[in-house]
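In what follows, structures are represented as structure tokens.
Next come two complexes, and both contain subunit A; in the first it sits with subunit B, in the second with subunit C.
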Partner chain A sequence: MEQQRGVFSSRVGLAFLTPALFFVVVFLLFPFVWIFYLSFTNQTLTGASALSPSFVGLENYARLFDFDRWARAGEFGSALWITIQFVLGSALLGQAVVGLTIAWAFYRRKGLLREIVFTLAVLAWIIPDVVVAFAWSAFLDYEQGTLNAILGALGLGRPDWLFRYPLISIILFNTWRGSAFSILLFSSALETIPPSYVETADVVGASAWQKFRDILFPLLRGHILTDLILITLWTFNVFTPYLLTGGGPTFKTEVVSIYIYRTAFKFFEFGKGGAIAVVVMLINLTLAMGYLAMLRRQKASA
Partner chain B sequence: MNRYESPLARVGIVLFTMLAASFFALPLLWLATAPFDARVNLTVHIPAELTLDNFRAVFQNSFAVRALLVNNLIIAGGAMLTVATVATLASYGLSRTRIPGRDILVYVLILFSSVVGGTAAMVPLFLLAYHLGLVDTHIGVILVMSGGLLPSAIFIMRDFVDTIPRSYEEAALVFGASPLHIFRDIAFPLVRPGVAVVAIWAFVNAWGAFLIPVVLLRSPHNMPASVALYSFYSEAGTPVHTLVAAYAFLYTIPVLVLYLIVNWRFGFRFFGGIKR
Partner chain C sequence: MAQITLENVTKTFGAVTAVDRVSLTIAEGELVALLGPSGCGKTTTLRLIAGLEIPDSGRIFIGDREVTRLPPRERDVAMVFQDYALYPHMNLMDNIGYPLKVRGVPREELRQRVQEVARRLQIGDLLDRRPSQISGGQQQRASVARAVVHEAQAFLFDEPLSNLDAKLRLEARAFLKHLQHTEGVTAAYVTHDQAEAMALADRIVVMNHGKIMQIGTPLDVYRNPQNTFVAAFIGNPPMNLLPCHLDMAQGVLVVAANQAPLDLGLLRERIRVALKDGDSLTLGVRPENITLGAEPGPAAIPGKIYVTQPLGGETLVNVEVGDQLVSVRIFTEELPPLPEQVWLTLDLARTFLYGPDGERIV
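Let's look at the complex of A and B:
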């Protein structure tokens, strides 16, 4: 977008921005810096190390990366591996694919059918966390849940979802929960594509798949990149599975956000919690930088 | 948009709609009937015996009622006012001054807030609130939430601010109006739809929040509805299904109403920078 002319001097602009800067510095930048410091201390909530935490060097990190233990259930390596599967499954394969499919299916369509699907997806997205978690625990219930009632009626078996397939359960749950964002983003993006591009293809009789692959997909690449990075970062940090499974059974759904919560706010080991948070934030930061670099390359080549 | 469509494509899209609609609706359906059901049953069905007793029982739990009608309104209302005010000022300032690289700035801010989000940031945020004496206060919850919501709010708001014409403002400037006057009397009335969207968006987010209040609040009389929902669980941690469902139903109504308002007034869509 071209830089538009300014109405005010930059001093006035800064005055308008000051309250926002205050929030960004105090509630985003400061925690980010502080957590690095914390991760090198033995800060706790109560006891002697609460008042005067001492510097412990890399001890917290050594405990995280203790490779004899770290792959065991409930340890850092295991939580990281579960998170990677969770992000790949529910963000990339789940939300992005569901979002793109639905946006594409209703491309150049208005009306009731589109309205129904979009409204239901948005409801799944905006209803409070604890409510959807509760609804899903009823939905997935082994004996009486609606899902098993349907599967049973179709003769497809009635698995005990949260016990036998806990990770698949939270992947399904998070796909359901978050797809609306990708649906809305992709359908807005599709609307910016001039209809004439596709109408020409209609005339020569291109198939729906050919139109998608050769016309829409290349034009959407930037938006797909934007979508993927945002939902990846959000899924990395999402805490809602805790409300459905509590991280169990036996830590099988303990993603890193739950692992941090357990370490810091159940055992009150802020130092170790800080170290996990640093590692997670560094992973996220790397992903975000990689994305910005890709976006710049995309823009340069466009 | 009246293009020819083969009957096969028509059938296809109807089937697809049914599939997608069931995927999104099925997990929620039970929540629409269970609150009115006299008997507990987790399968979706039409209740054999309709009742309002569950709601009556919910209203006898004074802790949960206070959470919903007092604490939730304070927290969501406070976050709404803070986020709408600060985001409007900021996006207006960004839009009306020449700040080099401001487009990338907002992008970086969104990314950064996504990186420093979730439980990772809760450790220092808790300690920050602790040292400022804000633990177990609604102000603390409102401030921490607002900090997290602001970057996206500015992103949404820019969409609206950038579309209002600046010629009135420039004319007023020539006649010597102060920037604050120009903002209040000229820009703000024009950008009101954007303020409404951002305000509702912040309200809904704060209304449903669980993690921040549960970490920052201590005493039961300060807790919001997301925590109070668990007061309908037995000591052993199993939910009293009919009561939880009734409370969840009440808790969800404001979100549904606000969604309908936004959809009716502005058309729910992707607000933000899809115009690259």
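Let's look at the complex of A and C:
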């Protein structure tokens, strides 16, 4: 077959690409290089080092990985550990499991209940951050919150959610917030499985668990990996919990994105903030590479 | 193996009645074909037996056990789907052995039973292949093997041959019939292909709009179609159906297409119901029960040759009768020369008359 050729010459093509490339360079590539550079300086917003920052080598990185203090509240190690719990809890156990469960529960079913559940899930996903955060503040509020009003009426006690269970609160919040993506992805993946596969299993007598383990899971494995790549990375970088807890109390919900924000834009330590951002980016890159390698292996074996 | 009984089974989907008061018994070891056009309810009937659908009313028995509301897994039937439903991520050993695995059969016994069945179905050396690595015909056998391996009470086939090309389909048909005889299985077999139903089945159930139109042996439904639907559905080419009306005064049937009078002759004695002048009837005659000639006769109607189609051992002639095409099948390799204007002589002993409601009178 003759190789397909574009409508335009490569020169014209390049001309069309230029505006987009320009913005990519200005808003993505340049800031990235700039942050990488900043992370090796003691640049701040105010004070002497704001005017004449000096090159400090790996000092910013050394401070992050100062193992005497990094696990203390408000330090990098602590933020990283909170983030890991947050990702495991709200992305893997939360969104992926909830998404798969709901998608499977409504597999090849139509009806009002499905419409309601899907619409609510998508609404939770597309409503702006600030609105959602406000709604959850109102929901979880100690004195006036809806949740405590319900629990109190049932005689189940009225815990101060954001104070006593801050991490669990933001994990639940983020699960609620982001499950729609996994529900939609898994639902459409399930639609691609011919009904006769499941019906054959029904007729031979497979239990619900056997059907899931032997048929649906193997056929969905690629989709599950794709889902995990995306929601892990999104959850790792998500900033919305800040609107709910501000990272507190006492840094208990300070995930790395909030830690970067506090360092760079509250303490104005751009150098150190840049160093954290670079480390976080490397972690994300490693995660993504790991998942992609698994996906490639999965494709090769399929 | 067990007998399958449906008693007055009805299933609706919204406003559509897919299966309408169907009663049917499939005897032990019998293969019954459910035949009809798409949307006639044959597949729904099969799925009702399998338990993939639950009827709105009526009862279903497998053996002497009522299964009407039982889930599929408690019915002990095996089903072969049109798309074979082989799992792409499993090799044939795991695919065929899956019903055994689900039942907790030990690994070693499972291997032996799968190997034994696969050998019998001539796919014994393909067991380590995935479905995508074997041909359509082999996939079809593998899906049959999966049904055979778990020794169910009954087999349910949902158009198992329609994804095969014509040549493979004939092979697979012979193979399935042989298998059914050697295994002596009770089977329900859904198809829209009347030739397949004729070739395979002990009895055929012809369905239309969710209702059973006729039940009988293949020869019975071929020789004695009870209504115009069955007459038009069975046979290739199907029976010629000529609208006509009765002219009592002349003692003839007038063919609507060209107003040709046809002497009732033999038919007169066979009419057992009261008919009156002008009743609109339908004359049914199979292509092989018409002869072509140059001379008129009392049981002959005139027509004009449209085309002749030599098919090897036989010749199909299409004759224009008024605005209608009539098929005539002549069992000769070479057709004698015929004038353009011919007379079609009907074999009145093998001609049917259907009433205004499409039900058979003669």
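The definition used in the following text is that the second predicted complex is superposed on the first by the 266 of 302 C-alpha atoms of A that agree within 3 Å, B and C clash if a C-alpha of one lies under 4 Å from a C-alpha of the other, contacts with A are read in each partner's own complex, and residues count from 1 in each chain.
Operating definition for what follows: a residue touches a chain if its C-beta (ideal position, glycine included) is under 8 Å from a C-beta of that chain, and two chains touch if they have at least 3 such contacts.
Because the structure is a prediction, the values reported are computed rather than measured.
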Q) Residues of subunit A touched: more by subunit B or subunit C? A) B
Q) Is A:F134 contacted by the first partner subunit B, the second partner subunit C, both or neither? A) first
Q: Classify the contacts of A:D202 with the two partner chains as first (subunit B alone), second (subunit C alone), both, or neither.
A: both
Q) Between subunit B (first) and subunit C (second), which does A:D214 come into contact with in this model arrangement: first, second, both, or neither? A) second
(Q) Which partner chains sit in contact with A:F267 here, subunit B, subunit C, both or neither? Use first/second/both/neither. (A) neither
Q) Does the superposition put A:F55 against subunit B (first), subunit C (second), both, or neither? A) neither
(Q) Counting contacts the way the document defines them, which residues of subunit A are shared by the two interfaces, the one with subunit B and the one with subunit C? (A) 202
(Q) Which stretch or stretches of subunit C touch subunit A in the complex? (A) 50-52, 71-75, 77-79, 81-85, 87-89, 98-99, 101-103, 146, 150, 156
Q.
Residue numbers of subunit A touching subunit C in their complex, please.
A. 194, 196-197, 199-207, 210, 214-215, 218-219, 302
Q: Please name which positions on subunit A make contact with subunit B in the complex.
A: 1, 3-10, 12-17, 19-20, 23-24, 26-28, 30-32, 34-35, 38, 43, 102, 105-106, 108-110, 113, 116-124, 126-132, 134-139, 141, 143-147, 149-150, 176, 179, 184-185, 187-189, 192, 202, 222-223, 229-230, 233-234, 236-239, 243, 257-258, 260-261, 264-265, 270, 273-274, 276-277, 280-281, 284-285, 288, 291-292
Q. Which subunit B residues qualify as touching subunit A in the complex?
A. 1, 3, 13-14, 16-17, 20-21, 23-31, 34, 41-44, 85-87, 89-90, 92-99, 103, 107-128, 143-144, 146-148, 150-151, 154, 162, 166, 169-170, 173, 179, 182-183, 204, 207-211, 215, 225-226, 229-230, 239, 241, 244-245, 248, 251-252, 255-256, 259, 263, 268-270, 274-276
